[in-house]
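Structure provided below as structure tokens; questions to follow.
Labels A, B, C and D are assigned to the chains in the order they are written; within every chain, residues are numbered from 1.
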């Protein structure tokens, strides 16, 4: 049982980090970024190239992933999403743009990095094995790093000027504008930040689960589920959703295994029932 | 805009697109061109399956063309490979097969998965196409079906051989199975479980599944490792998932054997699991140094030159095109007559260029399907060791 | 617009799909387009359903679930109960409509991305159910659905026709024409305005006495009916159904078809499906760059026409 | 006195917070009754409770002696109790006239299927709705903007449109949500005159408002809330003299202007 909880916590930490960037972008612009998973994959491949191929230190690689993605995210907001949001009658229209961007990233990644699963050398060797828990050290390290990034992000949002501006934006765009927040600037920063988080987590996980050009879509969908559980557009909700989904998978796969193929059926059905009862997730803002 | 304008615009648009499409259609085929089709998955999470397929076909075709083409009957043909990405969607696979029929193609490699292979069957039969799926459902190859030829060794053929070998040589008694929650892996798991039970092995886990998009397999494997099986079978495992499963199992302290009945890539295993993958048993083709002929070695070189990197999955996928061409050579009438092809299949035999020694290319499958609807591919069982495969044993299928 | 112009437009459309396209196919010899265009017709019906849920202000990424459900209902009725294929079409649609009422009652209370996500999950639930239930034959799917079901009396006998693909083409475009005719009437009648009032403000709609729960369920049921019907015909055309016949990717595509054609235009899903599905096929020649070009074109289209292809007309008018 | 609409012991709790606490009052036929109170007094919660947009924790709303508090909003509307919204709540992408036409829903005689098949009844309905919409727009002086798309309207017209939508439902009681908010003196006076005209059409009006001046001018009776409780009820002159009311308002005003 200790093992199951440890698995769930580790899974939760990485899920939460994936969901965080997605929820930030959603909170700021009401854009459901279908390309989030692809950003993660791109981050993973950059780490693969920098750490795995060029042999630079892992930390450098992960930072390179984050920065590259931040730049890409900024450009996406400035030249794609901003235009479409300004000109379209219904804000849902950004979903097509997001999906098209996702396909585009998929194509680029496949062309550059190929179809194979890639991996990088382990950052730390060895396995922790005590108290009934088996956990490789590199997982512990990545879990801790993920936690640190989450914490850093929360502090950033709470105590810095851009962070506060973005929170104001997410809460009420009009009011924030009236209060003198430069909406365009901070929306772009927010999008870049969300993309950077995707890049970080992609880079971090490249060392554990490797990276593969085709998994962007499935990752996006999983991340959507997490932010639905916690409530879309809310930082604490994304974190909660990540940990809840991680724990549900870990416990479900153990408890329900003798019934065969039903674990995910149960998780999904539970999610549907839960959302029927709580239409805005645990702590989400309503969105009409 | 009024409704009528809209309708008209839709109409005009439709006509325009159509005209464009018709214009962009196939040019009249040159006499000396032999088109071979491929319908399979070359994008998305399973892209590796189809890509390794397409690339081995393209490599071999370029090689043959470079050396003057292929002489069938008294004509010399240039080989052209027409590929269609079905995105692992059976609807698209049907579309692809229609496209092949449209191109006048009679020999198609693929699809890569069960449902795609079964979905294209009516189209292939109606349009006189012989196709070579990498999918295992027996209905495709047993009568009344007659146009599908299994391109590799099915897991219900290799599984029993591997389990038997491991029982005898490594004292395996308890087996656990784990599969992705999708058609192919589930079917393969079920036939694997049946084979293991038939051999008298104790099956301790036969219901564990994971979503195919799983990135972290520790939660899936935790309860299975606790059962301490001697052998963990990764049924129908995708090459991308294999190293992750192996790594998770080993890091959880699993000490038994791990095997798969699908082809894998050594580079992927070494990057994804490193030394932890040592001892992993999988089915391969012909590229291990013990058995590869010079032709095979040159093939690998050319492939690497053409695409930057070899994929060991191509070891099993190099054969289909070779069989098509050799069978056509043996019976030139078959070039646009699949009934002739089928006749020739019963008696066909040619030297296997990819294997050392005097191995033969021939059609088999009588035991499994009641008719010769399978390529005689050497059943090479490999063991991964330090970045490369080593051949454990080579079996045959009849 | 005047009635006579409407008649001209409708006639032109009918002549195009029932005569001009078959002639073009015959002349160009591209027989494979029959299947492609049948697919477009059927998928655009499913997309029309999604469009209707957009019309009441819901982002529906769950149409794949109903298409799959409809396909299985038809296949099971034909295979296990010997029901004629023709009867299975309305039955599959009705089954899906009923199921969607049960599912819709709780989930239609959700809005925005929450509804979108729940329906996305629904697609996955449908696939997992198809894998897990005995009646669907799990991973193996239902294959070799007999083509003899087309030996019927009332309607043209498919087996008599030279090429069943042509028969399916006519069936598909006939259904599509009927579907869009009904949709057009629905949207331009008072019902369409009621749906639109929900889209714009549900609280206000409810304050003026509109039973929003009822309208939502009705629209969702119609949507699912169309999904189920399209799925059933598709299964008959390919003679097989699997858990992977309609997946999350399909659900997303149905939604994208609506966006691309234009959410404000009832014929948007038809054009959107044609461009997205057919466009992909046309780019077949570009080989490994297919996806790259396809997605780049999509992004470009979105930047130029963020309100869908059909907004091109209004754009011109505004100038 | 028998009331047309009566609130009895209305209470609403949100978690631990009591937003409305045991409030009772009644509105007679053709009366104009205003509910006022400082910010956060529970006015809008009470408003939603009466219009059935919220369910009370305790208490009930009676309309013609019949309980309507647990009904869905559209059923309350069908019975004759209709609310308006503050200005941004209109069907933004429809024309002004279409906004009003769609709001005739409760007067439909044809069924939904009837509308689909355009039966005679349906056609008659649509024609009648069109005529009625024109009449309502004329009554409110909005005929000049009938063709405008609602999202392009200026604020003043939006409020008029909101009332037009309410009128189209042919209500017995019209609940107005802060009809004078954000208006300058002239606009307020015009709006006050309009509300009086509504009463002349035979409507009973219950309004929730912040603007004391307008309320004093228009109301027959006034109910005052503070901290979720009713602290006073009476005619405008009674309310003006009420110590509790003065205290409540002064306290708030002081804070609001930072004294």
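Everything below uses one rule, namely that contacts are C-beta pairs under 8 Å (C-beta built on N, C-alpha and C of every residue); 3 or more make two chains touch, one makes a residue touch a chain.
For clarity, every value in this text was computed on a predicted model and none was experimentally measured.
Peer 1: Write down the chain pair with more C-beta contact pairs when B-C is set against C-D.
Peer 2: When C-D is set beside B-C, the one with more contacts is B-C.
Peer 1: Quick check: how many Å separate the C-alpha centres of chain B and chain C?
Peer 2: 33
Peer 1: Would you mind pulling out the distance in Å between where the CA atoms of chain A average out and where those of chain D do?
Peer 2: It comes to 45 Å between the two C-alpha centres.
Peer 1: I'd like the Å distance between the centres of chain A and chain B, where a centre is the mean of that chain's Cα atoms.
Peer 2: Chain A and chain B have C-alpha centres separated by 34 Å.
Peer 1: Could you tell me which residues belong to chain C and also touch two or more other chains?
Peer 2: 128, 131, 249, 288, 291
Peer 1: Mark out which residues of chain A touch at least two other chains, giving numbers and ranges.
Peer 2: Where chain A meets two or more other chains at a single residue, that happens at 89, 106-107, 110, 217, 221, 260-261, 264.
Peer 1: Which residues does chain D have that touch at least 2 chains other than itself?
Peer 2: Within chain D, residues 93 contact more than one other chain.
Peer 1: Taking chains as nodes and touches as edges, what kind of graph is this: line, ring, star, complete or other?
Peer 2: Contact map by chain: other.
Peer 1: Give every residue of chain D touching chain C within the complex, in rising order.
Peer 2: Within the complex, chain D contacts chain C at residues 51, 53, 72-74, 77-78, 82-85, 89-94, 98, 101-103, 105-106, 108, 112, 115-116, 118, 122, 125-126, 165-166, 168-169.
Peer 1: Which residues of chain A touch chain B once you look at their complex with the stated criterion?
Peer 2: It is residues 3-4, 7-8, 10-11, 14, 52, 106-107, 110, 114-122, 127, 129, 134, 136, 139, 205, 208-210, 212-215, 217-219, 221-222, 249-250, 253-254, 257-261, 263-264 of chain A that touch chain B.
Peer 1: So in the complex, the part of chain B that touches chain C is made up of which residues?
Peer 2: Residues 1-11, 13-15, 17-22, 24-25, 42-43, 83-85, 87-91, 94-95, 98-99, 101-102, 114-115, 118-119, 121-122, 137, 139, 181-184, 186-187.
Peer 1: How about chain C: which of its residues touch chain D in the complex?
Peer 2: 185-186, 189-191, 193-194, 196-197, 200-201, 203-204, 206-213, 218
Peer 1: Inside the complex, what are the residues of chain C that reach chain A?
Peer 2: Within the complex, chain C contacts chain A at residues 54, 57, 59, 106-107, 109-114, 116-118, 120-122, 124-125, 128-129, 131-132, 202, 248-249, 252, 255-256, 259-260, 263-264, 288-289, 291-292, 294-296, 298-299, 302-303, 306-308.
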